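Scrolling down, you'll hit the structures one after another.
Two complexes come next, and they have one chain in common, subunit A, joined by subunit B in the first and subunit C in the second.
Up next, the complex of A and B:
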């Protein structure tokens, strides 16, 4: 059925992952050599590997869509889009980690392994690959969350992340076992093709879909699988939190797109970008309700937070809700809006966390009270944080506004007015807690008379600028980004 | 007489027990044992469906991979729990609450 020649032939479409794997091995070896360990070689080695991997990923855009390794992995535009996305996110995280984890070689090895797992999450189509890639990301992330071993908060974050993660993976596998049982297939494309033809037990399908959503929902911090999120975000080292807030979350969204639109629903026709779910389950309504609950809970819980990392954690939950809105109408426009939003989300969320990290390195605190009157001590960072928070709220002229407009437009197009109303109310609620930070920085008087400017590490200033530019630029000229997401939307829908 | 149904019932029972353990036990190790039960419930389902419905070998393969996943997860999980014990002198989840509730 599958011969060795085919597998070797498929390797040429697997270069991004191979490059990353080799880099991980090099990093682990370099960590063992004392003369290398002292210098900054390891972070730069990781950066080189990631950039090379981006290079090979971009080349995959030209390749005809295909399955690799006997239908384990898929190569299509959507997968390549997410590969580039994750590699970019990791590049930023590696740079951000340099002041904090200068000489920790295994930290970078873990980070790259998580990136490799996210690559695979975005492109796996086989139950084994889905479970394995989820666990590659999961296990490395548990270790990353507890990276400061002697710190109570960090190890507690690792424990909570790990317990919830292990349970949700188990539940997800149990759900997959029923999909396998109903269809006898292990590739989600084939499962769908078989379930479409045969009469199926709708209740069983519904239960297994809910169980699988538990596994994916845990990754994207969707209510009711979000309990780990605030504690883990607060306890983990800030560069790691920054990584969690975008990396594994968007990997979960990539997997959700693949699972929902290739696994349990089918395109109406070749030309119409509208999907219908298989069986007789109202998946659209389920996702809409989950989306509404997720954003409402995230936003209302964020109102009471004093710790900025915790506040941003709840804001991340709320954003998972906004992104889920894009899934509810089962249209191409919806997925397109999701892709657009995740890119924008990368810029603004990374930006906010990086500013918080830079300030926390000097103030030793993430409490909002410490931010009073900070604008006079760190004017540039406070300005940047203001822009990122405005963008997270969704106010023009920032990229976050365009992202939200596209999402809401897609929702209104498919006549889900109640969801649009819930979303709009949520944006207003979020305005309050985002602007509380801005108010503290600019309008309130500092607690201490200490007026010395903060000495922020240069890498933070650099990264903030790097993220600030696209946050504003794409708010004014969004069409290039929109074209790229439309181009990436071509994902393979059938299996031969 | 062993049928598919009896295997699925055992699987469902294991899953329920595992999930109950996760929800009710306050000791981190007990919660991990509950997770193992959940994973093994999935394994029983995969193997049973593959065997009784004479599907291809995939069910058994997945079960093997799930075992590997469970082992690696347990290794990391126990390391994390050990680390918690070093830092806090307890593995009771109710007492591990230095982060704001």
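Up next, the complex of A and C:
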């Protein structure tokens, strides 16, 4: 029962979130002081907060798994894994934002608030808490998307994002209300335990699951809830787009893992890493079809794009499809592959967006035609972009290849061969548009005689290198990463 | 560090050195390339001297030579496992030799030399690595590593439609590779304990169900068929060949095409023996189609390079026919044909390159009477053409004859039709010879210079090998005989 002592005791497992909250307050206060605002203190304050938060998160790995605040929040390896993941992502985004948003304190406050929301998304078990965390991420992201008020595209992006977001979250809440109605519980673990024992109306369960998937699907840009994605990605400022492409999307994946594996399915036995869904609904097949449609649509739509941000937006949709492959088998190997893939995805997708951002700062354009012959003007960035694109395609020796291998392996292990073949064909399709960029950079002649080397901000070069190294290294020696994801896979499966 | 690691990664080291050299130092870049490929060739020759011709290899680790076996990624039982036997060693020899020669054939590359030679060396690493690997995962990585440099080499240094040709090549082969990846994973999960070790997968072949074997065989086959290329997966080849610069065409035809048949022999056959037997007849028919289709298509070409490209398709048909019969003569002939086709077709593409550099076009009907203008070149070309259509005394004859001798007792009618391919081949080569070298010399070609010393230098070693193998093929056959005869025992007991 709710007990003040317990809540205070639980606070010690909540340090990562508390640190972030305090940092947000500091950032907001710092913005009000003119002498601080002029310098680069605010971004570095944000960085310090994030790093401290990572430090406390890592320490949580040693803590016995437990529920906090009367079963609202969970502390387990999976949650900690995602906390570290989101904090790292935000660190990169803060660094990337420095040239664009030097002194905009509120920008960093929003970014940190979104990070806090993502922390909570990855560890909420209470349906109200889930909705709340989704809204924290959602609302801050709407503002971030529209951060350039003077630009029409940016405002349009924000409005579209918000409209879609509002509808899908509403639908999701409606779905949760069904679950609540069926079980009388508000904690997804308890809902599952009750529904397992009682005879349930499968149709009702199916409807509520579909509604909830709509909410999560919107976050991860799963077809058919992806329509906002290209417009928002194109319209938002590039550092924000970069953030969207990994942050909220992976938060949605974290939530999906929690919901699917703790909310609506049970592990066959302690020793077997295989889950079965409650009720009599073929959730696996549903997810497999959604995965196949998502990657196919993402990849085929990307073929026609000329704007790189839009192209990468569709590529992000396709990658949501690849990641969904990991969910279709309900196996430990599947989630493990998903965890591995999201890390790799962070490296390569951030990398690609950062290069695009760096080049766009100079060329003032993200159009693929402007990239013609760019290799001679920005050799290092073009090389890096090539590696990232190769990794996104899934060609060795890059980390993206290993990510795809693990996903395919999980699919084949469960004998879902048709999905593996669909995935393979999709990889070939994606090769075409990724290599169109490479073709423009290396194979085509520059349009103008303007052969001056591009002056790229140093921070972009630094971040590109920072992401390039793991993209190649983990393509050859990926045992440590795999061990880490296996270690993080320990997540709490039941509530006592 | 063992020989195989050295020959695989010396080119990569060369590529890395070139990356750090300044752009302008072209002479130095070329020197590094010569050194890297030359050292690799030298080590390969030392290996040849030490090579034990009696050890069969194929599916027993103890019977492989120059073995290197280290743990790489333990969670997935992936090893750094390399070794050679009579099947892979002739291919490595061929690769090392042709890469060395092609560096000289690349002397006239006139732009972005730094990138060119770096990618070329990376390509060599990929090719040699593929032939050395005995771990499926490692094999796959090297296999894919070949694709990227090839894309750029065709796409940047190629002809007018290079962008189209490069991406077409890439899309086709990547599709094939991905099917191979899925098959590889299927093998991995079928074996208990899970493994990527090729030899273990072969030894467990008896435990695979027939349905499993058939499906995986088909998936692998499509992957390899695209590489060979087997009709109807061949359409990327003429485009890629026509657009690729001369040395890259040579590598493509002489080595990359062999990857397909090598893969069938190294992977499909010993891992899926039931399926290999079941589909053997189909393979023979596809071989026949390749022989005839390639030959007729070659006859219809007006572009000399396209003609050679189609003749490659035709000649790979003999390899397929020889492979499909599981007789000693057939399979030895097939692998010898792989080796011979590598040397002969390399010559043909180099020869096309020589005339293209001078006349800047390759239209067969645009020439005539060159025999009087370039007598040495005419002689060398005739030699290569004769070798290609199987003139006795040159190497092509030996392997084709062996294939026919091996295939005739098994598939009489197919062999009879296949032999007619030789006649068509002789037809289009002689006709081409006549159109280019005989007749009246056009005025604009009265100043064409004779073949240069450097060009002869790249061609002469190949001529010596072709002549030597044609007269006395035993040294090459001895290299592979033990392995291939044992392979037949494994697949077709």
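Convention: the second predicted complex is superposed on the first by the 496 of 496 C-alpha atoms of A that agree within 3 Å, B and C clash if a C-alpha of one lies under 4 Å from a C-alpha of the other, contacts with A are read in each partner's own complex, and residues count from 1 in each chain.
We adopt the following convention: a residue touches a chain if its C-beta (ideal position, glycine included) is under 8 Å from a C-beta of that chain, and two chains touch if they have at least 3 such contacts.
Nothing here was measured: the structure is a model prediction, and the numbers come from that model.
Q: Given the touch rule stated above, what does A:207 touch, subunit B (first), subunit C (second), both, or neither?
A: neither
Q: For A:176, decide between first (touching subunit B), second (touching subunit C), both and neither.
A: First partner only.
Q: Would you mind checking which one, subunit B or subunit C, touches more residues on subunit A?
A: The partner making contact with more of subunit A's residues is B.
Q: Looking at A:405 after the superposition, I want to know if it touches subunit B, subunit C, both of them or none. Which is it: first, second, both, neither?
A: In the superposition, A:405 touches subunit C alone.
Q: Applying the document's definition of touch, where does A:234 land relative to subunit B and subunit C: first, second, both, or neither?
A: After superposition on chain A, A:234 lies in contact with subunit B alone.
Q: Can A:88 be said to touch subunit B (first), subunit C (second), both, or neither?
A: Neither partner.
Q: Touching A:163, do we find subunit B (first), subunit C (second), both, or neither?
A: Only subunit B; A:163 stays clear of subunit C.
Q: Which residues of subunit A touch subunit B in their complex?
A: Touching subunit B: residues 127-128, 131-132, 135, 138-139, 142-143, 146, 149-153, 155-159, 162-163, 166-167, 169-171, 173-174, 176-178, 180-181, 184-186, 230-231, 234-235, 307, 310 of subunit A.
Q: Taking the touch rule as given, give the residues of subunit B at its contact with subunit A in the complex, in rising order.
A: Contacts found on subunit B: 11, 15, 18-19, 22, 28, 31-32, 34-35, 38-39, 41-42, 45-46, 49-50, 53, 55-56, 58-59, 61-62, 65-66, 69, 72-73, 76-77, 80-81, 83-84, 87-88, 93, 96-100.
Q: Residue numbers of subunit A touching subunit C in their complex, please.
A: Within the complex, subunit A touches subunit C at residues 390, 395-397, 401, 405, 408-409, 412-413, 417, 420-421, 424-425, 427-428, 431-432, 435, 439, 442-444, 477-479, 482-483, 486.
Q: What residues on subunit C touch subunit A, complex-wise?
A: The contact residues of subunit C facing subunit A are 73-76, 140-141, 144-145, 147-148, 151-152, 155-156, 162-163, 166-167, 170-171, 174-175, 178-179, 181-182, 185-186, 188-189.
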